[in-house]
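To start, I am sharing the structure in question, which I have written as structure tokens.
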């Protein structure tokens, strides 16, 4: 399957014949479907589909044609991508570097269907590392007073690189609703999560003090007006009383790396549909 | 989705338009697709599909119509089932009872889309238990000399109950190729599996002696002419030096129960397609 | 290691020489240590130990002697048990039966180092099943008005059977602080847990609505004056958008069974020390 | 616990009083035990212990004294280390770089209790990367004809750096028994493992063709005269029919990284005892 493919993600009010109409549209122009995954949320009466096919005609024309068809004829919200797309990704980071290195190395190894175009940090700690990797690094210091101003600069950088995705690789600042609204692209964040949950600072210390037996990490989209956006991926690891707080932090880092990477990969592979603060992940 | 649905499992040589033709066949008679999952084995050039829909017309007629269409028009191997089907299941067991109880309780709780119709054992150890559960119990002793004869009796029992599936809940005898050929229905088996694998008897002792850190269980279809048939489901659990051989056996039992149950459930939910000694599991 | 052993669980303020003094006490009377596991909580400055040995002298005398030594000479809180002990366990249940069957079958199979002596339920749903298993069943109806009275009856039953442990196998009532104080033995409970946590009813519906990717179960000791007592064991399982609420409930049941069983096993094997609302589990 | 500690790993024929004699030796000189973990292999009648304490006297003297005591008085095989030790590690690699980067970054982040002193490769592919990390890189080409000669060079490099451990980060050559005998230090290797196992090349292709549902990785010590040495750590990950061979390779890489890192960490933390081709891991 080396020929370029079109990938469409669509969702909208369910109605009879959607699978048939979508697949017939593709078939009747002589194109060849490779994957088609459907889901219905029966309570919300919403139809979801991820479909991938090799176009018979000129790829951009066929992609645009499908988008029009899905939107106008089927009343669907639709995103159309090509397998040859290389979405541009902006990485936000502070000083903590485990997700930073892991993410960059995965992009470099060809494991991610996109391109890391810039790194934005409130510190200069990782400047030299970024340069070694050959990725433009921008330091934008952030303080309580300068946050609004700093976000304007960050948005300029994101936009100047035409970023299609922002990923927060342990960026220890909250991006404002205003930033998220103006970013013009999705933002993926990663954080630890616990059973039970802990409010306040030093969660690994709290987890240790509480004697929890599992620690977790959750990757989600950052969303304006929501404390916590749609969950993309989660995982946990087992801990015991022999583990010190540094052990928990180390295990948490490994979790964060793998959960964050999986979330970015799923997004870049066009496998995620978002609605009602939740995701459908066609993995 | 309380109305009865039709579930079709089909596979065969890939060709353009299969998704469209299948979904259009359903749509054009006013029926409503709920799930449709496709897969292509690109190396073998085989198309696989599981599709579920609410028929607009009389269900048996529509099911038969689809079967004819998929077979004759599309050249597919096809199995059509109804959500109201209650496949009959024959359970083989020896003396070890963990999978026996677990399987029966899952059927009783309504968790399995089928009906346990009989229990066949080479021993009478679990006779009283079977009677308490209200399930017919047949003891068919097996020795090296009487094996062929015993299998004839077993086949008679299986056939007299019109069993659609045989499940080997730690039945400690090998069913012959002849039995498997004549059974007229699939046979699911469960066994332990190790990294690395161990030949010979007492595998838990061997695993303990070798210091392995994981033990596993594998559920598969029993197949004539094959040492080990298509794998349906697998799982592992972590062990350490503090675990004795009885600990390994106990952990292995828990694994066997859950892997076996999951394999039976997937089969009864019509989620498994078999080809070339492997499975596609639409879970 | 067939000879009966003594198992001691001790904890208290750390001081130099504890390991040496404990092991020398045992060695100097000619007894033979099989396992000894220590832990220190460096922040709280508490020493924990589980130690198991074959006594050289009369077992009850040596056990009593050790208890006196650990308490009076070392200033430790100590629990001494014998490998031949068969603690008596009272099982509370309502109508939901998955933990009920699973727990009973594990006791019957010899997997648990104790004896199920009675079943107490607020309903008669599982009366016939209890009788089949040959375990005394007591129905004690509970309503808002009669709760205090009902707990008096429950305590009478627990005490009349000399229960050393109460396990709540999905008993859908909260046991009052008064009950927990008067029970005279530990109480183990099991409940689902989620990332993030959900307040209010129907948590599986909430988890489904929120699109969580993992569901969990937590077993803990029920404690007076605490919302949620010390955590004993936790586990999670992966879910996705294809899973309906009934799928989540089913997966949750499997989790609850295994987490509950593991917590009971750890307790009966004298592997758990509790302090400051947390546990040290010597597994 | 910031004061330097002594860690002793000992094993040998079991005899009464070992725990008492070891702990008393430490206690009687006023030193303070922090951790002590024992294990007995009842079949082999072997005693194992890992014990860690803060010495009261001069650390090197006390360490040497304990070594003498454990060896001469107790008849144990013993290894004594200090928490301040920084074992030197030589990394072997070919062209595949996932374990290479992951291992180096873990050492750099301070997560490993040791120091990477050199990199030896049969190719120059990762030379520039090694230089960026500031670690000496040696290319030693290997062909069938030059293997013996190449191993002499490799041994010279290992010895010139006083390496205490060799780790094979996907080094695609077999080290000969001669190399292993002369290395003078343990060698840790990582490889994939499957249920069932596959002989021959392209195992991920074989696993895909066989439809396995789990793939695994195993880290072990390389041992002369043994096909596969003592297992240190293992893990698996779930795969399905939607995963292509490249997906399996990618998932396998993530497994290999984490299993390899965990094995190296356990070794450097002096948590592994080896006997009879198996390990006791005090984790």
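By written order: A, B, C and D. Residues from 1 in each chain.
Convention: contacts are C-beta pairs under 8 Å (C-beta built on N, C-alpha and C of every residue); 3 or more make two chains touch, one makes a residue touch a chain.
If you're wondering where the values come from, they're calculated on a predicted model, not measured in any experiment.
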Equivalent of A-D within the choices B-D, C-D or B-C, defined by over half of its residue contact pairs recurring: B-C
Most distant chain from chain A, judged by the mean position of its C-alpha atoms: C
Relative orientation of copies chain B and chain C, as a Cα rotation angle in degrees, nearest 5: 180
Which of A-B and A-C has more C-beta pairs touching across its chains: A-C
Geometric centre distance via CA averages, chain B-chain A, whole Å: 37
Gap in Å, rounded to a whole number, between the CA centres of chain C and chain A: 41
Of all residues in chain D, the ones touching two or more other chains: 39, 242, 283
Chain C partner contacts - residues on chain B that touch it in the complex: 97-98, 101, 105, 109, 111, 132, 242, 250, 254, 258, 283
Chain A contact footprint on chain C (complex, rising order): 39, 193-197, 209-214, 216, 218, 228, 230-236, 240-242, 276-281, 283
Sites on chain B touched by chain A in the complex: 1, 16-21, 23-24, 26-28, 30-40, 42
